[in-house]
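The structures come next, written out as structure tokens.
Both complexes below contain subunit A, partnered by subunit B and then by subunit C.
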Partner chain A sequence: MSTSLEAFASPARRLPGDLAMWFFILAELTVFALLILTFAVAQALQPQLFHASRQLLDSSTGLALTLSLLTSGLFAALALEQVRQARASRAAWLLLAALLSASVYVLLKLGEYSHLAGAGLGIEHNTFFTLYWMLTGFHFVHVLLGLLILGWLAERCRRRAYGPDNCSVMESGVLYWHMVDLVWVLLFPLVYILN
Partner chain B sequence: MTIMNPHLKFQSQAVAKPYFVFALMLFLGQILFGLIMGLQYVVGDFLFPLIPFNVARMVHTNLLIVWLLFGFMGAAYYLIPEEADRELHSPKLAIILFWVFAAAGVLTILGYLFVPYAGLAKMTGNELLPTMGREFLEQPTITKMGIVVVALGFLYNIGMTLLKGRKTTISMVMMTGLIGLAVFFLFSFYNPENLARDKYYWWFVVHLWVEGVWELIMGAMLAFVLIKVTGVDREVVEKWLYVIIAMALITGILGTGHHFFWIGAPAVWLWVGSIFSAMEPIPFFAMVLFAFTMVGKRRRQHPNRAATLWAKGTTVTAFFGAGVWGFLHTLAPVNFYTHGSQLTAAHGHLAFYGAYAMIVMTLISYAMPRLRGLGEAPDERSQTIEIWGFWLMTLSMVAITLCLTAAGVVQVMLQRWPTDGTALSFMSTVDQLAVFFWLRLVAGLFFLVGLLCYLYSFKQRGRATARDEAALAVSA
Partner chain C sequence: MSASNTLILCWLGLAALSVTSVQLGNTGATLLMTGAVLLAALGKAWLIADGFMELRHAPRMWRWLLLGWPLALVAGVLLSLALRG
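Now for the complex of A and B:
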């Protein structure tokens, strides 16, 4: 107990990444929280409609999406660890792996979107699908931004721009990516599973 | 500009002065036309056919936009050199553009007043590229093109200053806001035949200005003045600015959806608009916290009390006007009844005054004493008169807002709510609201008194305050 308290109080303990990124994440989470709340309230008001509409989604696709994002998050975290140990080129490869894993998510999601659109289950179909498209679409845009960030970080790592004493930007980027992960972990059960 | 002004860090900042002076002249014009309209609400044929209601309204709203643009430009010319730590790229260009913009503005307003609108459209060749006839964007196409030219020259001027100089968060945010202002104005040139589609693009100008990029401009101006009057570290101020900007953009851009209710747009906008705009008060609340925290942490007692009061006042009034009064009718189920009612007018008045009129006056209050060579602050007497102006205008605007809110509630009850066939027609409803409109007119007169008070506060002769002479002696 005392050691953990000491660790907490030690001057070496600092906030990873830029404070502004934390503020940004807080703001983003607020928006997602309101979206999730809206979904939950709408489901409580129309339980049958939500139950029936959810059957039209493939939950195994949802699971695959979740796994690809989580794997990508793991690679990003490992990359940061490598940067902290001054092994930037290894970090660049790990970031590339994160990028590939996230691309699997993008491809699967695009496949799902085109399948739903083809089946006439567009954003105007019913309340469930309006909210499905809004929530996952808003998240999808964040994933696309994340791809850009991961690619940019990989390039910077390849050029050895970051090191153990200079990794705040890298931390901020990875923090953003974990936020995108975290939100999806909440969205997956909410949209695909919970009845 | 031949005489050195010791109170300016860079002499080229002086070009801001004509912009501020002209902005305040137009502001006075806006208020006079507001009073004419206020009376026309209850005495319908007042000044008819000399100045019909639609013309008075057009002049009132267009003067508002133009004086705020003059204010923003003046603010940029004042703060960009100081932030970039170098002289303005071309003071001469700034002065030329001032005269071009002022002449175009005056000619356009005279056109509104002395030529029937359809005649003005014909005279200016509107049929070649029809852009006229939409609220706030009534300017003849040729004036719109002039605005684009002035904006390009202006952006070039401050952009070059910034590129060659120091880049700070404040100047980058200001620049982003001003570029956004120019870019979104371009949608005013697209005017589809289909009215529902036209509304999309129209709101891309109007909404993405006031609930998007203008918030960046406001944030940057506020941060600049707060650094100056409190002496708080730039780093602290910049963190706040990041949060405000992020929240403004996340909520504001998709919040555009709240204008697409019941106009023939897809129903998904009911959800998008309600959810995202419900969070639009957050950046305004962050600005309130920002201003009061910074003033609380201040490292010095700035002699310009009035500027500090404006800085705090603009955040609070903007939070109520834009944030709270916006939220009142932004949720789709509520807006179903309140869409385009007097509640919208109540929100519009307090939001424009609180967020944008007041932030421009905040910067004028801070910069004008220096631009006039008076020092850091005008003398005590002038400041007291200015503070009277602040309270008279602000409280009158609150009174106007409350009158219009009451009128809006009664309007909804009489005209929108009843489903059993007892709902009144629009004109019968307006007759019932006369008492609120009379009260609003009285509040408007008090606003004019406040504005005159404020303008009178500039009367001080050009002589530095004792405190400032001492400061100058020390620095010398």
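Now for the complex of A and C:
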């Protein structure tokens, strides 16, 4: 049985991907919302501590992390567009570009984690860093899973497994990656910028 | 406009809003700055949801569910800041 929502939607409107993926995305967004709101409440309770601790993070690194994720999202979206135009080979190359751009995020984040751990700013340092490691670490795990999905989709595109009439799985995989972007654009200002 | 061009325009908007957020953050800690940074985050979430995730063409319920997520979070952050003040 198809899990597409098309049957429930008006003919002009269409939900891309599989309905199960959308429920998964909603569940993930709920968990992230709880973590982000916990961070916001803790910040309200200890404003000086959060202000001082945030100064130890480099906002330009945060910006580079953001741009690498967003660029990867663009490449993934362009790849899906190519599949819809029956250009699976081009889509594979674009997914590879998305993978490379996401790898920049991983390298930068690992560098930041290494720098913070080396400076003694680990998960037990204070409330800010406990929540920083939990929130960004949970997101980082999602990025790593996204890398696997992008790599798998690239390989499937290289084998021409998807086409204009058969791209629901590809849509679902790309949607997951955009969810990772969506979470980051809210997480980034809260952790790196707001004072 | 082709779908690819729309996606590239979305990315340009996202990049511009990201750079603007960091620049705003460097100007100081005022309520106006906080509001502007959160507004930029909302704009980015909208570009991702409607542009990258193609929710502008999706059933309204799903579109508003996804757009409601950043709205609820920004409201929560603003509320926490207001209670602190």
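Operating definition for what follows: the second predicted complex is superposed on the first by the 183 of 195 C-alpha atoms of A that agree within 3 Å, B and C clash if a C-alpha of one lies under 4 Å from a C-alpha of the other, contacts with A are read in each partner's own complex, and residues count from 1 in each chain.
Here, contacts are C-beta pairs under 8 Å (C-beta built on N, C-alpha and C of every residue); 3 or more make two chains touch, one makes a residue touch a chain.
Please read these numbers as outputs of a predicted model, since none were measured by experiment.
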Subunit B versus subunit C as contact partner of A:Phe24, first or second or both or neither: first
First (subunit B), second (subunit C), both or neither touched by A:Pro47: second
Subunit B versus subunit C as contact partner of A:Thr38, first or second or both or neither: first
Partner chain in contact with A:Asn195 - subunit B first, subunit C second, else both or neither: second
Partner chain in contact with A:Leu131 - subunit B first, subunit C second, else both or neither: first
If touched residues of subunit A are counted for subunit B and for subunit C, the larger one: C
Residues of subunit A that lie at the interface with subunit B and also at the interface with subunit C: 26
Residues of subunit C that touch subunit A when the two form their complex: 3-4, 7-8, 10-11, 14-15, 18-19, 21-22, 24-26, 28-29, 33-34, 37-38, 40-41, 44-45, 48-49, 51-54, 57-60, 62, 65-66, 69-70, 72-74, 76-77, 80-81, 83-84
Interfacial residue positions of subunit B with respect to subunit A in the complex: 238-239, 242-243, 246-247, 250-251, 266-268, 271-272, 275-276, 278-279, 282
Residue ranges of subunit A touching subunit C (in the complex, touch as defined): 5, 8-10, 12-16, 22, 25-26, 29, 33, 36-37, 40-41, 43-45, 47, 51, 59-60, 62-63, 66-67, 70-71, 73-74, 77-78, 81, 175, 178-179, 181-182, 185-186, 188-190, 192-195
Of subunit A, residues touching subunit B in the complex: 19-20, 23-24, 26-28, 30-31, 34-35, 38, 123-124, 130-131, 133-134
